[in-house]
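Multiple structures follow.
Here chain A shows up in two complexes: once beside chain B, once beside chain C.
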Partner chain A sequence: MDVLTPRSLDEALQLKAEHPDAWPIQGGTDVMVALNFDRGRPATMLNLNEVQELRGWWRGDGSLRLGSGLTYAEIEHGELRTVLPALAEASRTVGSPQIRNRGTIGGNLATSSPAGDALPPLLIEDAVVECASVRGTREVPLGDFVTGVKRNALAADELITAVVVAPSGAAQTFMKIGPRNAMVIAVVSLAVSAGDELRASFGSASPKPVLVTAPRAEAAGFPAQVAGAATPIDDVRGTRAYRVHALEVLTRRALERVLA
Partner chain B sequence: MTQTRARPLQIGRIGELVPRIDAPPKVKGEFAYASDLIVPGMLWGHTLRSPHAHANIRSVDISQALSMPGVHAVLTHDDVPGQKTFGLEFPDQPVLAIDRVLYYGEPVAIVAAEHPEQARRAAERIVVDYEPLAPVADMERATELEDLHPHKPTRGHGYREDDRPNVVRHMVIRHGDTEAAGDVSVEGVYDIGIQDQAFLGPESGLAVPDGEGGVDIHVATQWLHVDRAQVAPCLGLPLEQVRIHLAGVGGAFGGREDLSMQVHGALLALHTNRPVKIVYNREESFTGHVHRHPARIWCEHRATREGRLVNVRMRILLDGGAYASSSTAVASNAASFAVGPYETPNALIESTVVYSNNPPCGAMRGFGAVQTAFAAEAQMDKLAEALEIDPVELRLLNALKPGDVLPTGQVITGSLPIAETIRAAAALEPPPAEAFPRDPLRLPGGAGNTTRGEGVKRGVGFAVGFKNIAYSEGFDDFCAARVRLLADGSAEVHCAAAEVGQGVTGVILQVARTELGIEDVRLAPSQTATVGSAGSASASRMTWMAAGAVRDACRAVLEEQQRRPGEEIDLEQIYRHPRTTPLDPETGQITGERAHVAFAACAMKVVAEVDVELGLSRIVWIGAAQDVGKAINPQQVEGQIEGGTAQGLGLALMEEIQTRDGLITNASFTDYLIPTTLDMPPVESVLIEDPEPDAPYGVKGVGEPPTVVSTAAVAAALRAATGRALTRVPVKPDDICL
Partner chain C sequence: MRITVRINGDEHQADCWEGESLLFALREKLGFPGSKNACEQGECGSCSVLLDGALVCACLVLAAQADGHDVTTVEGLAEGETLHAVQQAFVDAGAVQCGFCTPGLVVATADLLQRNASPSDDEIREALSGNLCRCTGYAKIFDAVRLAAGKA
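What follows is the complex of A and B.
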């Protein structure tokens, strides 16, 4: 196996164009697990850890660009806590401190798991995924980016460079249920905000992230509406019936928080 | 010539709090576990395992695999030079599958290559032509389905005759009038899922050919000599040509009693004449060792209006999986301790363990008593509710004491302070409930931020459990120790007791220092070549047995020193605990003075907070009182109570191997969850020291009783918080809120 380590974004995009089958790796918290379980054995790895353009986050005109190499720990502990509170709460639920030091938002998007903790809080904020290649850069709304279970719209020569968000300032929260009190993959998760309208998105309850909205005046029916929008399955982590039930309870509690 | 006197003993006597010498390297990541072994020129072994729970093997073609780069050997059952099967108690398990596979993950072929990746890739190129068969996956139907072991490997060992298919052992304990009626009766059916030992150090070892046809095996195991006794016949070698050395053990809990890589590594090493290392990955580890038996237990408890037990009737069904392992003893233990530490004049207990195509089950901390304690303690709470008696009072009213008779007819002659243990645990006061708002980490759901107090109810549960110490039913259970008193006044102790994390090396040194009165005592490495068998680090026996053997060896060398002052003295002694005898196969009654050597108990109070709308729990506090005989090292005893409690808590709340038609569906630490520090609360422990008259220094084993009781106690707390029956562990959120 070859490991390519570009030093700039241009070089990274060039390498990805030359090696479309290469597996990009940043924090490695998903990729290394996949390698360990022998779910694939790429001939080439593209190590993005030295690409400075992907690190951190910065402000644009009215929006934020979150580099795909932004770690959960950086989201959890930095200024983003106040700007994107649900994303920060979601980041805190990811793995252990060691995992949060390594795992990145770009990796969460690239994996496109229904359980990806960053997806629901980003979806309620209308996040857009910036995909780049030597051909140019395009912006794909998150709802279109994820196309199914662990599938997304990224082309073979593209890399995720950033997530662009215009923070709504709406009151928001994130909640996640797991089979124990820390270090879990979501049995079901939920992000809810109350701005001009009520918005919700959930994890582990549909093949791809779904945005559920309602006028603020219809808060009473919102928990049932959110639960009704879910299409969960029975699996080793939980049952369909439980996930639907839990979504309704969580939405009710979330509304108490964000409408308070 | 001047003689230096060894330092007289200042610290490290029996009963003192002695810090563990292996703790700093383990905490710092410097301890060498078996998976860290490395020698120049070694090859890596890999095991090809069955993807089916039940299949015939039509053919195995290794030609492609053999031609892969770096590959030195690909072996199948044809290459096993000696006995083709092995087993802890019954040799019913093939070293490598012969013409069929009986469980998911059963070893079919082994490969040795220069690099582990080469070995893994080569294993993928072995072509096995399977004919999948319908699996026997439902233990309740196993006795009506295809007999997986028609030759009945466990027959002829003094068990009750039972011709039904797939019966590993069936036993009945009849005590008094088995039809006796009471004023009240409560019934229940209880289920226990498959728990895994989930040790963090996967199965691993290194086999090194000695150049003379023999082999040295460095392996993480629980009993060196029984490994040797199983490995040598399969290799076709005499015992002395197989030497087992204990490598660093990353947890055992019963899961290293059975062989894993020992024979495979040795076969590859002897075949290639190169050292061969095998390390299981995590997924493989879940198929590489036996698990705790899943169980279904039907109970009826009859009592007087005043709350005295009149008749306890229980039917226990255990799924042993594909091979016998220690299932016959687990089934017997489940029956022997089914009633719990209570006196009942009458009982009818039936225990059956069956073969199936589910994952093989065998020894795990608590050994049958965990499952029955969960059922029996739920029944005691039900009885207390029916009689409107305080649950602790009901337990005190029926508590066993010396002089009482067990359902097997055995009279308790040694220490068994059940009432004192119950009172001590009941007297522990949990802290008051914390006010809201709280950090989410201190709420059910924890880091998931699911509640700020909504739906949270508090409950207190209580339970008590007990089990036997050491091996039972006539097993010749002994431990050897050898002490060398050197001319410089220092000493060296040899004992093959396996240090599996429980701290037996510290115990051995404390005993030797106390007996010899000197500090300069070294412990030689555990191996089969230099000392006799220590028996297994199992059944809460190792401290008792090693202490007895080391004590006797120390006293023998001191006595010999009187006769030969100034000379080097080197003596080996064998210690045996009081003899046991089998149970009558038809009545389950003792055939001699005792079937079990001695008993130890633990009582536990648990406070739980449960979010009843989401079914999520947080155990807030645990108070434990344990009957320990004599604490050799109080710190280690408390460590065992905390660790044992955590393991039982895991079974109550989350730990379960899930299967579908015999296939394991959650073989990873992503989906087989064990408690984190946010799930396991502080434990307040009280040590009840009531010396065991038959044991050295009055010690009792301490590793298992907290596990036996904590599953039951945690479940009781969840019931108290939720008002739900919760008859199955692990308790799922669905059981609480749907």
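What follows is the complex of A and C.
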């Protein structure tokens, strides 16, 4: 095995082009589990920790660029708390302080798990995933980026460089059900906003993120509409029936918050 | 591959397999067995260390990622024979049963108190939520954290 540690984005993209099978590693909270349990043994690891261009976040013209190396802790504790409140609430529910100090938004996207906590709050804000390679940069809407359970539209020579989002300013919230507050993979999760229209997206209840919308005047029927859009499965964490029921209850509670 | 890591203030080198964790390198190559190896998936916090000042699970850091960086382990908290205030509080409060989770909890508590000298019980609960005690000795652990924070 080789570990390649690029010092710039250009170098990282060059190395990914030369080693398309390389596993990128940023916070390591998913990748290291796979390595520790021998679920994969890549010939090459691409360590992105030293690529400064991927860190932090900054303002563009009307939108924010969240570097793919932005950690949950940075989202939870910084100014983003007020700019993207549902994403900040979701970040606070990820793992433990140790996990939030390392885990990144780019990693959550790359893993493309149905349970990825950052995905629903980003989808209700129409986030776009920036994918870069030596061939150039393209922007893929989040709803198109995730193509199935742990599958996405990233090409073999591409890296996720950023998430671009124009904060709506809409009242919004995030909720998550699990056996305890910390270290929980969502049994079901939900992000809801109330701006010009009602918007919802959920986790652990469909193979890929789904956006559900309705006019504000139809708030009464929205919980049933959200639950009806879910296509969950029975698994070790919960049943299909429980997840559908929970989504309806959570949507009702979320609307009480965001319409208050 | 050879990595160079500043551990508890001193530079150390080790030859590592490219796929091994910082935890494995610390325990098996670098002579710092204080961080404990249990779940290897970031669930238990037994391997908690500070990486460039941030609390992390050493099992989820690739050893190669620590190359050129600063690591503080539980071995780096005491000053010679004088225990760190958090270590002394764990002893005085009887917050140690089997002891396996203790190094991780001590590092996580030291990290908490360095950022927040007077945490509420909720803040303690949140800060230590990534550290499991299989003996379930959480009541005494809370006593120790309050003691170290000067609130007991």
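Criterion: the second predicted complex is superposed on the first by the 260 of 260 C-alpha atoms of A that agree within 3 Å, B and C clash if a C-alpha of one lies under 4 Å from a C-alpha of the other, contacts with A are read in each partner's own complex, and residues count from 1 in each chain.
In the analysis below, contacts are C-beta pairs under 8 Å (C-beta built on N, C-alpha and C of every residue); 3 or more make two chains touch, one makes a residue touch a chain.
Computed from a predicted structure; not experimentally measured.
> In the superposed arrangement, does A:R102 touch chain B (first), chain C (second), both or neither?
The answer is second: A:R102 touches chain C but not chain B.
> Taking the superposition as given, does A:N181 touch the first partner, chain B, the second, chain C, both, or neither?
Once the two structures are laid over each other on A, A:N181 reaches both partners.
> May I ask you to decide whether A:E89 touches chain B, chain C, both, or neither, giving the answer as first, second, both or neither?
Touch partner of A:E89: chain B, not chain C.
> Applying the document's definition of touch, where does A:G28 land relative to chain B and chain C: first, second, both, or neither?
Second partner only, chain C.
> Determine, under the contact definition given at the top, whether A:N36 touches first (chain B), second (chain C), both, or neither.
Touch status of A:N36: both partners.
> Touching A:D2, do we find chain B (first), chain C (second), both, or neither?
A:D2 contacts chain C only, not chain B.
> Would you check which partner chain A:N47 touches, where first means chain B only, second means chain C only, and both and neither mean what they say?
A:N47 contacts chain C only, not chain B.
> Quick check on the output: what are the common chain A residues between the chain B footprint and the chain C footprint?
On chain A, the residues that contact chain B in one structure and chain C in the other are 33, 36-37, 181-183.
> List the residues on chain B that touch chain A in their complex, please.
Its residues touching chain A are 120, 281-283, 441, 444-452, 454-455, 613-616, 618, 653-654, 658, 665-666, 668, 670-671, 673, 675-679, 732-734, 737-738.
> Can you name the residues of chain C that touch chain A in the complex?
So the residues of chain C in touch with chain A come to 1, 17-19, 21, 40-43, 45, 48, 54-57, 59-62, 64-65, 67, 108, 126-127, 129-131.
> Touching chain C in the complex: which residues of chain A?
For chain A paired with chain C, touching residues are 1-3, 5, 25, 27-29, 31-33, 35-37, 41, 45, 47, 49, 73, 95-99, 101-102, 181-183.
> Taking the touch rule as given, give the residues of chain A at its contact with chain B in the complex, in rising order.
Where chain A meets chain B, its residues are 33, 36-38, 89, 92-93, 173-185, 187, 189, 236-239, 241-242, 245-246, 249-250, 253, 256-257.
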